[in-house]
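What follows is chain A paired twice: with chain B in the first complex and chain C in the second.
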Partner chain A sequence: MQEKKTIPSPRKITTEPRFTDKVFRGVVTSGGLIAGLLLGLIGFFLVFNGFEAMRSAGLSFLTGFDWVDAIPENGQAASYGIGAMLYGTIVTGILAMIMGVPVAVGTALFLSYYAPEWIKKPMVVVVDVMAAIPSIVYGLWGYFVLMPHAEYWAKLIHKYFGFIPFFDMPAPVFTRSPFIAGLVLAIMIIPIVTAVSREVFAQTPLERIQAAYALGATKWSMIKAVVFPYGRGGVIGGAMLGLGRALGETVAVYTVLNLVYDIRIEVLLSAGGSVASMIVNKFGEADPVELQALMGAGFVLFMVTLLVNFLANYIINKTARE
Partner chain B sequence: MSQTTLNVKPEHPWKLTPKDLVTDLLGALFTLLSTLAIVGFSPLKGKLGFALTLIVMAIVTATVMSWIRLDRKAAVNSSTTVLVYIAASFVIMALASVLYEIIRLGAPGFSLSIFTKDMSETASDMPLTEGGLLHAVIGTAYIVTFATLIATPIGILTALYIVEVKGRFAGTVRFFVQAMSGVPSIVAGLFIFAFWMIQLGNSYSGIAGGFALTVLMIPTVARTAEEVLKLIPQDLREAGLALGATQWRTVAMVVIPAARSGLITAVILGIARVVGETAPLLLTIGGADAINLNPTAGNMSAFPYYVWKNLLIGSENAISRAWLGVFVLMILVLIFFALARYFGAAKGSRK
Partner chain C sequence: MSNQNESGNREDNMSQMTGKQTSTSRPTPASGATRSLGDVASARTVNAGKPNSGGSGLEARGVHAWFGKKHVLEDISMDFATGTVTALIGPSGCGKSTFIRTLNRMHEFIPTAALAGQVLLDGKDVYEPGVDVTKIRLKVGMVFQKPNPFPSMTIKENVLSGLKLSQIKIENSDELLESCLKRAGLWDEVKDRLNEYGGSLSGGQQQRLCIARSLAVSPQVLLMDEPCSALDPGSTLRIEETIRELANTMSVVIVTHNMQQAARVSDYTGFFLSDGGPGRLVESATTVEIFTNPKQKRTEDYVSGRFG
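Now for the complex of A and B:
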């Protein structure tokens, strides 16, 4: 008896996803795109609402020093310029980098190469907790706890280095200065700079480290010859991420900085600027026209921090990939 | 030919000999004594003078000692070692000071009755036994819950899009989300104000604050979730697909259960990130002293707002209230932080 062979017809091979997968991909894609588009939406709505103020002020919106409301009775026109605040933001940001980044890189080195095992874990927790503390807490601490000390330090700096124009002092008011704001910001950016630096330090090839030691290098010569050249990009990127955070910090700066619409190079003087703090400061009593100007200021701040962040992430990603 | 066997005794040349140990201890002693002497007999005074002198003397002693023992390279190594240790101790000191002051200034006002009363009949200047922050508890609970409900699905979908679907825009979305985590919180507040209030004509409310916090929470959730999903072994996915599952089934029944504790960590980290945010709430919730049970309308309060308001009032009792608010807020943040670490450590899904 002959068996009859039935050959099943071959299943169609297709790369076409099933219906459920199509739905799944659609949902996930839309979720991902919402997050991606959010950045664009933020920019769009700030421009949309702030455009009138920026257009009417023109370039002086960026360079002007005045923030004056219109007083119709006197025939005084409104004039909004964020030049002084923008300058102040950058000054406090740079001060925060100068004071914070060395400590953060030192801490990252400590965690990567110096710390004994038993202190490493608690130290990582310390840095993580510092990152988790809300900015208002830093603001309160900065104002009530740090400022009395920092004022004294500022006086000492002025006394011994007053001949340097930055540390000169036209009026002896040392509280709420860019120096103190920079100090608070420095503490706030330490966690992120430490975290990013530590990540790139951890990627340093072990064989190069061992090669350096085998050649008789001390720990520091090894770091100088191997770790720093390899991780330079990451450290720079991390510092810039910190700068981005510092530029956008609002509440902590508001409490420890005296906003003055003027450009001064004396960083110990109680007069500084911050775009973010100004927005909070002026928001409460803003009329619709001023609100537009505040939206414009928010847009400028948004663009500046975005630029710094893009650059920082680009540098970090490039370093990480090598 | 006879073989001679060398009996090599294991040595530990890197270990400190008793002689080294003694000199090290003497060095430390010298640093301390010389600091005390300098502070005692020179114009340098106070804690700052002591700290600065101690740092300088520590560097000088360590450098000189290694130079005498070995050479210039060792001396440089010693001084940088001291500097690195100083940097780390600065960080510990800063955190210790923050936590210590919060407890010192915030804990005395703490009692359970603050969770039963609001500030509708109490002025901030009154003693802390009057009034409480129940309205802030309710406000924060509403706002953070709302933000979590929106940000969690979007954040996890974003991570899935980047890691699982790997769509055409995956790289772009990843880059944008990365940049978004650096958006200043005040800008998020302004955005919601422009969109939700000006454009759509709503007024201050709890959900407006929730929206603002959503903007800040999405990047944290998305980036942590992305890292967690990347740690799931590719084998698991391939096994699921080889069994004939669709991608949807693989993700839902294999990948997500495997990553569950990590995803919970992502959400908790997101909550910890936004629970203390102040600036966006100042622009969106309006602030209130009384309990508002309706999150969709009417001014709402929150912990950060409570602290902010009392800080601006500035009288003695108001400042104490601000510290009390910070104390409770920090307890909340630390609870979320501990939870995140607990879930993160549960399956080793974090590095």
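Now for the complex of A and C:
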């Protein structure tokens, strides 16, 4: 004989928030929404204004190398393509990462595991202040102070590594090259990469550090076995945040880079590209049609940096959860 | 060989000890659920004797410890002879863990930690200036309360990690891997999955992996800071078997809150207590004596469960 069981349907569980809770919730929610809304509006503004230029150029807007205004007198049509500038942006960004990330990671390691307390605190402040220096200052300093030295370094690199295509020189002009722009950008991304790396290094579980030391590890072998594997994701994420900054950097690059509408692999040569700098360069004297193209270029840059930053945050958060 | 007790009558202990160290058969860790702690302790200690393999092992001489201004350990002197297991018991906060961390110089990782006295390994003070601290930690291994295998390494890499960390090169790592895992009682469970990550094991297996990892650098002494407190009874029993096995070739010092465990596994027991001030070694003797015939009233109260 079987008993009949009545299975109840699940109850609805609710909590009625208090009035003060509701008010507070409203305030913080609107704060959060405003940030998202602004981002959306900026994207919309760029698409709205640049759409015509992007539509008429089609895919060649991304791949074309020319940036030519229309000259009605000799019947020449306008042609706007940001291919060379986009390439140049990526090249300088990668150069900045190659030169800046190792320095930043070294700084973070020093601050987390080697620096005595009295050096550590002021140095953290100094590195953070580096992020607050206006980029035009980096640009001017890069142009007047760094470039004469960097020119000499570039010549050395060319002399000894010239057989590598990247370091070849078709013409002996070493100033305002992607290499020098990358160097300035490298210095500019050090604060953010250092801050993120330091954060993840500091979170390394103490029990793993102690386990390594209890096995007779030296400090360096402990760092290799415990700190690096744990912090890897965070460092990669921090490096990408730095890349995001390098890709979008405008004025500093504009000061130290010679913009040339051409794709060249020689990074020591005084010819490079940067979407952001190009926009600054052309913006002042652009006619309405060219302005549309510049808006389109801005939209592409906006999307690329947004993507890099999202990816960076995703990697950092994923690491933090593990 | 004896552990010094507070009143310092070493001769007394010495004679008792030599009297007991005659039989050679190995005890099996008794489950002892229904027996008194004294019975459990006698059951194994009476059988536990083995000729002392010589070597002065590890000795603490008048060790004091501070954290900042707080005096946490006062004048601890104990001997840990090769081939013995010593249990340190006492209520929380009495300085047991601090004490064993002074023995392999893990104490100094805590900022503001200070120390007085000597820790002698083979007669040499490990705190002497110029001593290579990494060498000390190779000779005096440690197993922590919470299993802490390196999650970025496989089981195999975990066991051999000590060699890599201290830059020791060896000929036949597979042989060492197998022998360490066998001594830690883990080989049969992991021999087919040596390339899986350490984190894929259960808590008890992870702790045995950590023991195997400590053994790979062939320490003379193994310090265990409540190694079973996060484990289930089955895993605890496995680790106790392992400890008994290890005591054939090294000395083991184990901090435990589980008095059954102290009775089952140790030859000597030290009872620590802090009455608000720094922790002191109240009594230190053979395990059977501590559990059957303690000299101090406070020891008796503690082991009979009247406080703590």
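Observations, loosely collected:
Assume the second predicted complex is superposed on the first by the 293 of 322 C-alpha atoms of A that agree within 3 Å, B and C clash if a C-alpha of one lies under 4 Å from a C-alpha of the other, contacts with A are read in each partner's own complex, and residues count from 1 in each chain.
The working rule: contacts are C-beta pairs under 8 Å (C-beta built on N, C-alpha and C of every residue); 3 or more make two chains touch, one makes a residue touch a chain.
On a predicted model such as this, the values are computed, not experimentally measured, just so you know.
By the document's definition of touching, neither partner reaches A:D287: not chain B, not chain C. Legend: residue contacts after superposition of the two complexes on their common chain; A:S221 is shown touching both chain B and chain C.
In the superposition on chain A, A:D66 makes contact with neither chain B nor chain C.
Contacts of A:E207 after superposition: chain C is touched, whereas chain B is not reached. Applying the stated contact rule after C-alpha superposition, one finds that A:Y230 touches chain C and leaves chain B untouched.
One of chain B and chain C touches more residues of chain A, and that partner is B.
Within the superposed three-chain model, A:D262 lies out of touch with both chain B and chain C [touch as defined at top]. Overlap of the chain B and chain C interfaces on chain A comprises residues 218, 221. Contact residues on chain B toward chain A in their complex (touch as defined above): 48, 73-74, 76-77, 80-81, 83-88, 90-92, 94-95, 97-98, 101-102, 105, 153-158, 160-162, 164-165, 167, 169-170, 172-173, 175-180, 182-188, 190-191, 194-195, 198-199, 215, 218-219, 222, 246-249, 251, 272-273, 275-279, 282-283, 304, 307-308, 311, 319, 322-323, 326, 329-330, 333-334, 336-337, 341.
Interface residues of chain A facing chain B in the complex, by the touch rule stated above, are 17-18, 20-21, 23-25, 27-36, 38-39, 41-42, 45-46, 48-49, 102-107, 109-111, 114-115, 123, 125-130, 132-141, 143-146, 149, 152-153, 156, 187, 190, 194, 218-221, 223, 241, 244-245, 247-251, 255, 276, 279-280, 283, 294-295, 298, 301-302, 305-306, 308-310, 312-313.
Put simply, chain C touches chain A in their complex at residues 104, 106, 109, 134-135, 137-138, 141-142, 144, 146, 148-153, 161-162, 164-167, 210, 213-214, 217.
Those residues of chain A lying in contact with chain C across their complex are 205, 207-208, 210-218, 221-222, 225-226, 229-230.
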